[in-house]
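Look at the two complexes coming up: subunit A is in both, with subunit B in one and subunit C in the other.
For the complex of A and B:
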């Protein structure tokens, strides 16, 4: 009977530890929302931060984060799709393919602070882009690219072989098969993966400290000339993102309500990441239906 | 509408007018995707080159010996007490201590979670834990740092002697951050086990725990270790969350609840305050080089584990 007793005890512990993880997540999110939601209102979301006085907001930071994300995706998606398609469809087993695979693996486990330092040296100083949204977007691209390559490669590999063979049998060229047969089928998983990766980019801060900068110039939201230094859409201005802002007020915030601002900003960040998650699932499902006329399995 | 009896496509591209649009497309597509893939190699080579060129300057230009750098215990880059000292052993110790402790806390939890998802209640267990794991992975690191600062540090301060900041706080925050990494790798490995293995063990009359502990876990051990190493790599390179809770004192702490530093936390704090090209700045780059070197080591270990698994 000892074996049965041990079995029961072990099962008990496995269940307890698993539920503990669920409890940690619920506690984390509950804590952030309870602490932060009370501080979030329209004023907080739109006004500029204050350095010494109370009542600062996160308006420019929120805008910077979203704008930086858009810039990053504009650069990352074409490159990631290209490299992913190469790995899935063109790469033959061999030295070069092996090297690229190793590179993807190494790049995805690179500490983000090291990537940030590289950006500081090459993009900010040597290329002379300075602390700017553009430098930040390039660094985030390096950070995001390996993920994007993996997502694309997996999506293309999971397309049923018959579809490709049918295309070949019709005498289609390789590129035609990729763009018209495989891509539509792979699209739902690519989109889901991209949105999830975007959530990760959204919360990244370490790589941005020394590339997008830790300050935002006074922005004039009526000025839409992309070359003007006060314009919000000028990609060559410094920009502090929401995640960087949270770090900054936690480590050197002087405002008397710094703790509340940090809580409110964390809540905004977490809510946005949750929305990214839900949106990714929903969009993936919708696209899958549209592309295949059937519900997604599993 | 095109007619159905189109000519079969010419296989070899030929010169002149027979060079069709789809041939051009084919070549363009192939070249474009190859350039994108090659770009990855260019990126990694330039990262290695630039970080190494800056990081090695400490040893070749500023004349700090590798031994003093790696094993020196005094970090005084501005020379406040006489000669500038560039000993980074306290930070290397801090990085290893936090990431190893984090892995020790997170691994048992992750293994339990992956067993829960695949062996105990494969149906709703997966439905419950999968989103939990994905959300944990999605929470930004600064938010973890913020929670560490507002929950973990005060808790440790009340329960243990000391200020609450230090290696213990860093390890606890990191352990939650690397839980998803280890769990998802372990769960994938468990899910891909051949069914026969488990069924034959049950058929011999083994209980579920006997099956798990004597058949399943030994078989997936290399994969679980892969997950643990990947998690440690993430913990080792994490900067801001650790920096916020570890206290940032530049020496080896005497207890887990005393202020300490890691390689990443020092780089984060000091890089903005140094002049590019100065010896202090170069020493920070050398630390970045050390971080990069450790990444390569972690990837090598993962590769070795995967190779053993394949046999």
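For the complex of A and C:
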């Protein structure tokens, strides 16, 4: 009788807590979307912001956020995969591995404003990359690498060791086993890691204030020369991202419709994260299917 | 028997300080089945795994003594382990097909070892699957995931995969102990067929199985080889009382 009662109470609380989390999430997304959606139209998404007049848009910021994501992932994914695979398959347990792991963990818990200042001193000033997308991408890599490394390592470790033995017994080289036998099995977790890392790129503001900067030059979307200062795809130009823009207009916006712009930009940001999530899962699913002949990623 | 092409010579395997396999000299005659039997923890699986250097993966494992295959000491530093393992197929207790299509599971090894011609690969896939008695069941679904097969089919697929690189030796580590009786019977039948072409070494806990399919039997106890003879002799009139007790189920 007592066991039954305890069980009921425990079940009750677990269900209540889960519902609470769902309610918070739905409430939050609902709030942001309800406040922001009405402000979103094609003009808002494509035009440049206005400083003191009404009717400014978020076009360059939207582009900057996406471009910064691409740049960051280009740096993070190879480094993260490489280090994660090293930790899982090559590193022998010992002092060095332990130290690497500790450094990686510490790195992931650094306050973003501190990493931003570090980026300002080292990447922006000392290395002379200035306020640029590239500086921003490097700083975001500092955040994302630990996550990417840990997730990759765990993904490879959780592949059944029988898979590896089967490869060895067939006379495959270690690299062939890693790239063709283990990687497809580890892929779903790696996709999850990438999605988490991407969320951070979209959402980070503090560290980007000092590295990618708070302004965007007047961009000419017909200029695709990556070295031209007005080209959107020049990685060495300053770039205010959507998250930084929201922070800026909320704290010092002079336009009369600043509150609506912030609300609209927030809604766009949330939708962007959701869309990227779906896109990454779709892409992962296609890759997984191509490599494993399975219908669903799982 | 001392000039057999596949044999071990005073082979010991250590895990750190622990001697899991003690000074074993054993020959495996060509085109026959040798069964390794003995209670759990007697070192028979460790012994089997050392035959294709699977113990390389365990950092504390150390080998003493020699293993000869076709006149080559397989633990010699000059031996190419990748080439060596092509000559030795291995199948485990738990089916472990790759997360790939049925076709790709078989074609993967040969492709890696340099066969690019599609027709030739198709041929290898069909022959290997036929030899593993799986072809008729899967020929219409070669593009499907290997994980969609039943456990027994997966195990035969693993045998076909091992055969795809045309090994001369097949190592089987309790290949049927996770299968139902029907699948077990199929795998046993398969082993009897395959020995026409290969030398087979099988670890088994199932005495009837050892008696049914093997030509020679080696009885292991606490890391030592207690008795080795033809299966008929071991099962009807073993030299040692201990062997007699084990095979008749009095302990182990």
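Here is the rule we go by: the second predicted complex is superposed on the first by the 255 of 298 C-alpha atoms of A that agree within 3 Å, B and C clash if a C-alpha of one lies under 4 Å from a C-alpha of the other, contacts with A are read in each partner's own complex, and residues count from 1 in each chain.
Note that in this section contacts are C-beta pairs under 8 Å (C-beta built on N, C-alpha and C of every residue); 3 or more make two chains touch, one makes a residue touch a chain.
Nothing here was measured: the structure is a model prediction, and the numbers come from that model.
Looking at the shared chain after the overlay, A:176 reaches both subunit B and subunit C.
In the overlay built on the shared chain, the residue A:47 is in contact with neither subunit B nor subunit C. Applying the stated contact rule after C-alpha superposition, one finds that A:82 touches subunit B and leaves subunit C untouched. Contacts of A:230 after superposition on the shared chain: neither subunit B nor subunit C is touched.
Here subunit B and subunit C are compared by how many residues of subunit A each touches, and B touches more. Looking at the shared chain after the overlay, A:92 reaches subunit C, while subunit B stays out of its contact range. When the two structures are aligned on the shared chain, A:115 is found in touch with subunit B, with no touch to subunit C. Of the two partner chains placed by superposition, only subunit B is touched by A:142; subunit C is not.
Within the superposed three-chain model, A:4 lies in touch with subunit B and out of touch with subunit C [touch as defined at top]. Under the contact criterion defined above, the residues of subunit A that touch both subunit B in one complex and subunit C in the other are 171-173, 176.
The touching residues of subunit A, when paired with subunit B in their complex, are 3-4, 6-7, 10-11, 13-15, 17-18, 20-22, 24-25, 28-29, 31-32, 35, 78-83, 85-87, 89-91, 99-100, 102-107, 109-115, 117-118, 120-122, 125, 142, 145-146, 149, 171-176, 178-179, 196, 199-200, 202-206, 209-210, 214, 243-244, 246-247, 250-251, 259, 262-263, 266, 269-270, 273-274, 276-277. Of all residues in subunit B, only 8-9, 22-23, 25-26, 28-30, 32-37, 39-41, 43-44, 46-47, 50-51, 54, 108-109, 112-113, 115-117, 120, 125, 128-129, 132-136, 138-143, 145-147, 149-151, 176, 179, 183, 206-210, 212-213, 230, 233-234, 236-240, 243-244, 264, 267-268, 271-272, 276, 285, 288, 291-292, 295-296, 298-299, 302-303 touch subunit A in the complex they form. Partner subunit A is touched in their complex by these residues of subunit C: 52, 54, 57, 59, 82-86, 88-90, 92, 94, 96-101, 104, 108-109, 112-113, 143-147, 158, 161-162, 164-165. Residue ranges of subunit A in contact with subunit C, taken from their complex: 92, 160, 162-173, 176, 180-181, 184-185, 291-295.
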